[in-house]
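One structure, as structure tokens, below. Some questions next.
Should a chain be cited, it is by its letter among A, B and C, assigned in written order, with residues numbered from 1 in that chain.
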Amino acid sequence: MKKKDKDFSDKIFYWILKILGYGTMVLLAALVVVLLKVSFPIFEKFGLKFFILNDWNPVTRVFGALPFIYGTVVTSLLAIVIAVPVSIGIALFVTEIANSKIKKILSFLVEMLAAIPSVVYGLWGLFVLVPWLRNSVEPFLGKYLGFIPLFYGAPYGVGVLAAGIILAIMIVPTVSSICREIFYSVPNLFREGALALGATHWEMMKLAVVKSSVSGIFGASILGLGRALGETMAVTMVIGNRPQISPSLFSPAQTLASLIANEYNEASNSSHLAALTAMGLVLLMVSLAVNTFAKIIQKRFQMRTGVGK
Amino acid sequence: MKSLSSALSFNDYRRKLINYMMIGLIVLGAFVALAPLFSIFYYVIERGYHNLSWTFFTSLPAPIGESGGGMGNALLGSLKIIGMATLLGVPWGIATGVYLSEYSYGKSSKTLRFVIDLLMGVPSIVIGIFIFTVVVRPMGGFSAYAGAVALAIIMCPIIARSTEEMLKTVPIHYREAGLALGIQRWKVILFILVRGKWGAIMTGVVLGVARISGETAPLLFTSLNNQYWSGSLKDPTSSLPVQIYTYSISPYEEWQMQAWTGALVLIIFVFLINLVIRSFFSNMRDSRD
Amino acid sequence: MTNLVEVNNLKAWIGEQQILKGISLSVQHNDVLAIIGPSGCGKSTFIRCLNRLHEEIIGARVEGEVKILNENIYGSTVDPVRVRRQIGMVFQKPNPFPSLSIYDNVAIGLKLAGIRRKSALDEVVERSLKQAALWDEVKDKLRMPGTSLSGGQQQRLCIARALAVNPPILLMDEPTSALDPISKAKIETLLQDLKRYVTIIMVTHNMQQASRVSSKTAFFLLGELIEFGPTEQIFTQPKAKLTEDYITGRFG
């Protein structure tokens, strides 16, 4: 064997990849640290009151996050409430009802839904969805269900309802594709068992498919929630951007993300900028927590059933 | 025992009815969910095509009140920003994916994979804030560079995970066959594994590019916007998504119509990429089987 | 006569599990050594230790000495890449590199080692494919993907790939177990020819194959070398009871 100078190329390559790979970890840490550093003065000044203060005034330098947290949570929950049943329906349709041709087309269309950029959703929401809500849906709901606080008030069009619907449309692809994978992973034995007992097609889907996938569906919903919480452009364009807490779905509101999109460039002073960054930090931490939670649920689901992605 | 052909009881009818109702509801729900897709297509085409002309691609926006004009600067800006983001994000993403698939194992690999998934879930506006703080402020202003860095950060985890998935499908004995030939590991990885999966890896890359080409939020306070042609990459730079946003929330109808045309161009671009990739990919699959 | 390969007290682990428990044997030029034994006895691990491929497995560890032409390949200054360049290897499943042509599959070892001259590569490709008895079947379609060949042809392509770097030693890990009987026979015939160019160390679970092809046989059981000697002697008058039991099919 020839002994020549030792070849270091493998070591160099390894270290380049390792540095780039772990760069992502450094990046995530940097995100948290930088946002924490910039927003620190706000937490120093307001403490935990920052989260419960229902007031936002850059001029008097009073910054409370409550209306934005409220707006974010309400719009996202509304989106989940609309999107999850629809997504389960789509997934059932694809896995249990449709023939292979319809299955292909439907999956393709749902993926197209996922490919539409957020700003285009916003544009469509602003000029198509909002007028429709203002002129048809909201007056109708107000007339017949106006006694419920949810449907009380003037039909603005822009507001929580519009934002919730847009978000629902945007997260349907995510939630339905995970549900689809989960349903595919349900063993056929379950289905046959249910049918053999004399269950109807629907009863089979309900008992054998959906019931055995509950925790998986829950995980998918949490992932959808994670996407909805941070979605910015489409929401900003249809929510009306008014920081207020109102029980009505018709009233304008504002989310953490839409507040940042609206005001960050025009921040009047450093504490305004710090407060907006603090909003970003809240958004970041919530998204990290929600995604971690979704991962844990997914893992549990996989461990228990031994199936799934 | 009742004969099989005996009359159905009331309960059987009820169950049958519920069965048909629920299946009907599911099918209806699926179509309702897709209605926005068709509505978006319809309106983007119907309102967007009027202004679609050569000038739209080549000229600057018209001043307020005047019709005509285009988004030439925004299109060029988008190309610049996406191009630079690709130069930065793609090598980084591929390298990370290769590291995950070829060198990383056990607990540390699980952690790294988890972190990359988390990074994928970070709201893009938060990345905008981050880049504003660490790039825009130190550089003294908004720039195409800053926008590109923000988009690269969004792109990297997507490409890393898709590259990893693709390389994981290569059976281990190909790696061993390469090593047994006395080829250095890095050459085995690059010239046998990555080269063998090049088509699939590039698919992930192109889908990543399609994904970031519609991103708006991270550009709002990194590359900002510009009503004119940007002189250099260090200047605020207009981009198609930001321009669509700015115009659509403006009070002027001419601008709103321009936003629709911009949306049409953006959608065509994104969908063309998706379609081409999809057909390419399914062809490749077909020829394999 | 000097030993081409000399193994002294070779031990190997994966994680906590010890796979080889101190193997010693030697191989001379132009031997064909067959390694037999029931599955899980460490025969694959043994040949993977001879070209330092075993250590590429996560958690794998090797102790002991493997001398090739009197130099320990586990010496601290030895680069495993250089070791492997001296030793060809053929795997259980035919694995020509996907997306590479037949030509490139054979030439890749040299190409990636930095040899670019086309005439030199052409020459090597032709020589290796001829040695692997594949040249006549593929000489008109060298640009076709390697995966377009049949299973038996693919395996011969892999043999050509291993021969291209002109190694003095060829390791084979059950090279015919994934093939149909006709391809199997072709490869066995080929092995008779290959003896002239290389020393072959092959793992096989097929005792007829071992007795037909090899000049020496080693019988492994549970990570230990039970018996090692000329093939004829092992098959006709084994010294150890275990060997006899195995060869007569009483277990394994």
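The criterion applied here is as follows: a contact is a pair of C-beta atoms (placed from the backbone, for glycine too) under 8 Å apart; a residue touches a chain by one contact, two chains touch by 3 or more.
This is a predicted model, so every value here is computed, not measured.
K.L.:
Relative to the centroid of every protein C-alpha atom displayed, which chain's own C-alpha centroid is closest?
P.N.:
The most central chain, going by mean C-alpha position, is B.
K.L.:
Counting contact pairs per chain pair, which pair wins?
P.N.:
Top-ranked chain pair by contact count is A-B.
K.L.:
Measuring centre to centre with CA averages, how many angstrom lie between subunit B and subunit C?
P.N.:
Distance between chain centres, rounded to whole Å: 47 Å.
K.L.:
Give, as an integer number of Å, the spacing between the C-alpha centres of subunit C and subunit A.
P.N.:
From the centre of subunit A to the centre of subunit C is 55 Å.
K.L.:
In whole angstrom, how far does the Cα centroid of subunit A sit from the Cα centroid of subunit B?
P.N.:
That gives a centre separation of 16 Å.
K.L.:
Could you check subunit A for residues that touch two or more other chains and list them?
P.N.:
Residues 7, 10.
K.L.:
Using the touch rule from the top of the page, what residues of subunit B touch 2 or more other chains?
P.N.:
Within subunit B, residues 184 contact more than one other chain.
K.L.:
Can you tell me which residues of subunit C touch two or more of the remaining chains?
P.N.:
81-83, 86
K.L.:
Where on subunit A does subunit B make contact in their complex?
P.N.:
7, 9-10, 13-14, 16-18, 20-25, 27-28, 30-31, 34-35, 38, 85-87, 89-90, 92-93, 97, 106, 108-113, 115-124, 126-128, 169, 172, 176, 200-203, 205-206, 226-227, 229-233, 237, 257, 260-261, 264-265, 276-277, 280, 283-284, 287-288, 290-292, 295
K.L.:
Show me the residue ranges of subunit B that touch subunit A in the complex, using the header's touch definition.
P.N.:
15-16, 18-19, 22-23, 25-27, 29-30, 32-34, 36-37, 39-40, 43-44, 47, 91-92, 95-96, 98-100, 102-104, 111-112, 114-119, 121-130, 132-134, 153, 156-157, 160, 184-186, 189, 210, 213-217, 220-221, 224, 241, 244-245, 248-249, 256, 259-260, 263, 266-267, 270-271, 274, 278
K.L.:
Can you list the subunit B residues touching subunit C in their complex?
P.N.:
Per the stated touch rule, the residues are 105-106, 171, 173-184, 187, 191-192, 195-196, 198.
K.L.:
Using the touch definition from the top, list the residues of subunit C that touch subunit B in their complex.
P.N.:
It comes out as residues 51, 53, 56, 58, 81-89, 91-93, 95, 97-100, 108-109, 112-113, 158, 161-162, 165, 171.
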